[in-house]
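The structure follows.
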Amino acid sequence: MYIMVDFRVDRLTTGIKGLDKYMKGGWVKGSVNLVSGKTGTGKTAFSMSFIYSGAQEGEPGVYVTTEEGIEDVKADIGSMFGWDLSAMEKKRLVSFLSIRPTLPTKTMTTDQINQIIKIYVFNLTAKIEDAIKAARAQRVVIDSMSLIEMFIKDEYFAKVALMQLVEKLKTLNVTALLTGTVPEASEALSGRGIIEYVVDSIVKLDFIPVTEEFKRTLLIRKMRRTDHSTLVHPLDITKDGIRIIDIKDIK
Amino acid sequence: MYIMVDFRVDRLTTGIKGLDKYMKGGWVKGSVNLVSGKTGTGKTAFSMSFIYSGAQEGEPGVYVTTEEGIEDVKADIGSMFGWDLSAMEKKRLVSFLSIRPTLPTKTMTTDQINQIIKIYVFNLTAKIEDAIKAARAQRVVIDSMSLIEMFIKDEYFAKVALMQLVEKLKTLNVTALLTGTVPEASEALSGRGIIEYVVDSIVKLDFIPVTEEFKRTLLIRKMRRTDHSTLVHPLDITKDGIRIIDIKDIK
Amino acid sequence: MYIMVDFRVDRLTTGIKGLDKYMKGGWVKGSVNLVSGKTGTGKTAFSMSFIYSGAQEGEPGVYVTTEEGIEDVKADIGSMFGWDLSAMEKKRLVSFLSIRPTLPTKTMTTDQINQIIKIYVFNLTAKIEDAIKAARAQRVVIDSMSLIEMFIKDEYFAKVALMQLVEKLKTLNVTALLTGTVPEASEALSGRGIIEYVVDSIVKLDFIPVTEEFKRTLLIRKMRRTDHSTLVHPLDITKDGIRIIDIKDIK
Amino acid sequence: MYIMVDFRVDRLTTGIKGLDKYMKGGWVKGSVNLVSGKTGTGKTAFSMSFIYSGAQEGEPGVYVTTEEGIEDVKADIGSMFGWDLSAMEKKRLVSFLSIRPTLPTKTMTTDQINQIIKIYVFNLTAKIEDAIKAARAQRVVIDSMSLIEMFIKDEYFAKVALMQLVEKLKTLNVTALLTGTVPEASEALSGRGIIEYVVDSIVKLDFIPVTEEFKRTLLIRKMRRTDHSTLVHPLDITKDGIRIIDIKDIK
Amino acid sequence: MYIMVDFRVDRLTTGIKGLDKYMKGGWVKGSVNLVSGKTGTGKTAFSMSFIYSGAQEGEPGVYVTTEEGIEDVKADIGSMFGWDLSAMEKKRLVSFLSIRPTLPTKTMTTDQINQIIKIYVFNLTAKIEDAIKAARAQRVVIDSMSLIEMFIKDEYFAKVALMQLVEKLKTLNVTALLTGTVPEASEALSGRGIIEYVVDSIVKLDFIPVTEEFKRTLLIRKMRRTDHSTLVHPLDITKDGIRIIDIKDIK
Amino acid sequence: MYIMVDFRVDRLTTGIKGLDKYMKGGWVKGSVNLVSGKTGTGKTAFSMSFIYSGAQEGEPGVYVTTEEGIEDVKADIGSMFGWDLSAMEKKRLVSFLSIRPTLPTKTMTTDQINQIIKIYVFNLTAKIEDAIKAARAQRVVIDSMSLIEMFIKDEYFAKVALMQLVEKLKTLNVTALLTGTVPEASEALSGRGIIEYVVDSIVKLDFIPVTEEFKRTLLIRKMRRTDHSTLVHPLDITKDGIRIIDIKDIK
């Protein structure tokens, strides 16, 4: 005899048209998720759709950028979807945080490097924590994790440091999207092949050759607590946002 | 003339519907087994099915988690299969042990590293031994071995250390499942390609593309003392647990 | 309800016949773009077409060469397309800047290397900045980034240094084309696989076998703020410049 | 004119049903042979068949295990084929020798490592020599060579050390089978790709996908002094021992 | 309106029957060109055809050999094509220069290695310069660049050093052919993948399997200032020299 | 007008039935040749056929073995082809030289290693020179070059050292066969990919899968001064020696 209990799983809209139904309603509340893809597959547009969709429903979000300038992100998204993120920012529904890397100039021992990694992850989390608390955010995006992965050379340390970052995010009661960039000719899920082990779900965006054209696709590669679609879904980036194309429609 | 003797092999249920019949009744009692697969192939659900199935038959089990939080594991499994692991825990049929990695901060010589590895494996085994004895456990899961494999850089040391861990488990008279994570684009059986040499059996879970869909599969890659199936079995993760799909049914 | 704002995107002609219509009018004003390709795929001809096309419209351009001599570039282009770049230079519509690498002769510590990288990127940018200001340039080409990528060994430092270079270019209000050379047997987008992450768009030139012939092709691999073509376009280098061949014409 | 002499080659039964006829009667007396295969391909069963088959004919054999426990090997073989190796041991027809690796704890210079390698190979050979002499053995198995290969990092040293081990075995007038484990996704003949150069023959066991099933196969890859089969033979592990399936039977 | 100027490109015969017409008349005067191919693809015969063809037209040439002996080269070519290079040498139409590598015996710091590289490239160029001036040469071959590429370990230094060598050659007003050897199983254009970036053209010789035979082929992979063939041309080495087979003839 | 001279090329029989006609009569007198192949492809039998064939014609030969024992080689060949090499040895038509590697026990600096390499190559050549002079040998085999290649770690040093060895052999007026072992899953021509650049010809032996069987093949990969076959020839090792199978016979 099975002992059945009720495990309610709250979901958050993804902001991608047609995607929520393939993941039982959306991202699991409180989960930390990876959006993985090669350059130019739409990771920024995908993760901003999550923030914007929340903001439209009154859920404040924080967008952390580690590589691009905040104004560039706003302009890219504005020209792509016509979304006025500055207006959202004024309404305190969207906050931006820029964490720029710097070049270390001191030679370091292994001790010091381990110390630096602890400080780096601690500071990063501290800044994100402050931004989340200030915004009373329910959604957070870190775009992207690539530099952080590159910074930590040792595979063991990288995995442990990323585990600690993910745990900190979970205690903050936000739902998070992390983006990870995959090298062009790779079948991996992230640059270093580590971050995928510490997240609750992985959505893989791709840009693949089909005869003489390249097509955008989306695959839900893993999703905890969710009986998810395992299809490779065609994807379209339109003026009205990102859209999953129903396979029945194209056949 | 052959001298025949009777070698009785006791078996434990796997908890996976339809799997026991493909391995002559289940896991060999006292064996140490590897569940190998890429991220998102269901290794945690698979190994918890082994613990839960034992608990239902009154056989206490210990679930050792090295990467995820205990509450996360319980919630994941609860939402997936509706199993109330906390209730099982209260009945002392399931015990949880969390072994979290920490970042070493001292620079170490080769001597010290070898010393650390010995202590690490010794401590790990000691903690697991205590938990097994306290629970009078007959089943144990270590989910996952990946960080332990990553921690030990030298291939020779890694193999010897894992051999010692497996031997310790065997003296404790438990049947063990160890999970190992395989990188996305790899055909290996574990991250470092070492743990597969020290176990009694290997079950490989996979997530493979079939036209426009990804399918879950299971292969019994090796199994000592067992004339096992060598088929690639389709697998389904349902609300009622993991199920092997009979190939005759889909043809 | 979506809040719609007007995000005007100014465009610059590419100078490649038939290409502008596939990228919504041309390069985004103020963007930094990568022209990626194996040796002999026409990167120099492609990027000089951008400078020359601007010069014909009265927009001054700066051509930075890091590997070839200025006279060689002029002669190559002259013999290929019959363009008189020296005449353009006299009219102050095209300026040339040669940044030649030298062999460091001092042994360096990690500290010194980081210092050197900062100085290297700073000096490079300073020289380009001076040339741009002197020419009042609106277009700039850096042909190629390969030596710069090779110079910086550490992946993390390379990415951060290239990010700083790109940012400097953006503050100068020019539209930039950077060329990157891909090894012969590689599917990557650049030699080190780093520069593609810091640019606004990537155009990939290729030279691929089709039965017993090799064909030139062009793919817009990524383009921010632009709903671009995702087709693999055949390309022709003719006496009248580079030309995209309309696929309808060849079928 | 050819000068013909009589070179008699004595042969030993392999203990594998149907295999002797494909290698002109069996293993060459006094030869050192490699049984190569991925994990789970039956190397232990294959090499124990050689020892057991000799014991049945009254030829004493020594089984050296470097990774598994002696009792585990006996139980595995007992449950697989019903062979009572302990009874054979009492009749002094089968002897077991366990050589367990230990973790070095001292930091070593290159000098010391070379010294250690010499001692390691010397001690290993000395122990095997003692066991062979004590048992008056005609057959010996070393299962497996993998840890020994891993222990010696330098390719040159590894080859020379293995050559010395093989030579020592030859002076002892035994016929030897060494097993070597090949990584899962490799086409090599051993883990380090070295041991195959120092043996007289190589038999490769494999486990390969055929539509939805995995099949066991055997290939005689090399065999000195023997005009051997070059076919890929299907293999079956049955209650009555390992059996070569006649290809004519399955077609 | 395009400003058209006359860019005259002088050409030199290649000495390969049927090749000049595929490269608009031959090698560009003053250019530095790479002949790339695996071992045994005819690089020496190809480049000597260039020297011999010039000598027949009264243009003196210098043949620099870095790996084979001068007498061996003369005998190889003599037996292959019946060309009497010694007679040509007496007429001062062909000169030979042998630059043999030596084994450095001093341990070197990075400073010293950089210094050595500078001296090495400087000396090499100085010797070639002397030989060219003495012979009043218009054509020069360096066969091969492989040892030079191997000598310089650092990718950045190798590229810069090769750039300096090529530039020196250009100031000497000769047309040069450099040969580069590609490893057997590689698709690269040279051993280290560097020299192809610093040359004006690349001709790739190959030896490829076609059913049960291997065929020689030639591809003009890149050629500055030239609208060249992009076909894979079959090649024949005959008693009368190397010959391009017209594809129309074999179909 | 071509200046034709007579370049006579003397040839030596290969001892392989049916092979001489595919290489214009046999090995070029005074050349140094490579026999390349994976383990078990018949390199020893192939090169001994060359020595034996010479001995039958009264041309003394030296067989240098670096890995196997002399008695083992004699017995292998005796049992394979029935050749009595000891009788040939007594007639002073075949001489054997065994050069066994030893394990260096002293830690070495780079200086010392370069010194050792010089001594190693010098000693090796000195020993071979003595043996050749003592035997008045016209043919010599070095079986195999693999350990020598492995011993020298630096690619540049390895190539220069092998060049010096080949040059020394040429001054001794012998025709030489060197064997080189290729790793199992490699398409290379030798273990380190270096020796093929310093030899006059390369014959590649292979063992390739054809449906369910493995077939022996021979390819003349390169041959200086020779218009050689470029076919992949099937090969048979029979009691009467190695034989090229005429392709017309099997079709």
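Just so it is clear, A, B, C, D, E and F label the chains in written order, and each chain counts residues from 1 on its own.
In this section, contacts are C-beta pairs under 8 Å (C-beta built on N, C-alpha and C of every residue); 3 or more make two chains touch, one makes a residue touch a chain.
Bear in mind that the values here come from a model prediction, so they are computed numbers and not experimental data.
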Original post:
Which chains, if any, touch subunit A and subunit B both?
Top reply: none
**OP:** From subunit C, count the fewest steps through touching chains until subunit D is reached.
**Re:** 3
Original post:
Greatest Cα-centroid separation from subunit C: which chain?
Top reply: D
**OP:** Could you tell me which chain lies farthest from subunit F when each chain's centre is the average position of its Cα atoms?
**Re:** A
**OP:** Quick one: compare the interface residues of subunit B with those of subunit D and tell me same or different, with half as the dividing line.
**Re:** different
**OP:** Report, in whole Å, the distance between the mean C-alpha point of subunit B and the mean C-alpha point of subunit C.
**Re:** 52
Original post:
Taking each chain's centre as the mean of its CA atoms, how far is subunit B from subunit E in angstrom?
Top reply: 60
Subject >> subunit A-subunit C separation of Cα centroids, rounded to whole Å >> reply: 30
**OP:** Mind pulling the residue numbers of subunit D that touch at least two other chains?
**Re:** none
**OP:** Counting only chain pairs that touch, give me the topology of the graph as line, ring, star, complete or other.
**Re:** ring
Original post:
Should the ring be read from subunit D with subunit F in second place, what is the ordered list of chains?
Top reply: D, F, E, C, A, B
Original post:
If you look only at subunit C, which of its residues touch subunit E in the complex?
Top reply: 39-40, 56, 67, 69, 75-76, 78-80, 82-84, 87-88, 101-108, 146-147, 150-151, 181, 183-185, 207, 209, 212-216, 237-240
**OP:** Name, in rising order, each residue of subunit F that touches subunit E in their complex.
**Re:** 1-5, 7, 9, 109-111, 114-115, 117-118, 155-157, 159-161, 163, 167, 186-189, 193, 196-198, 202, 219, 221-225, 227, 230-232, 247
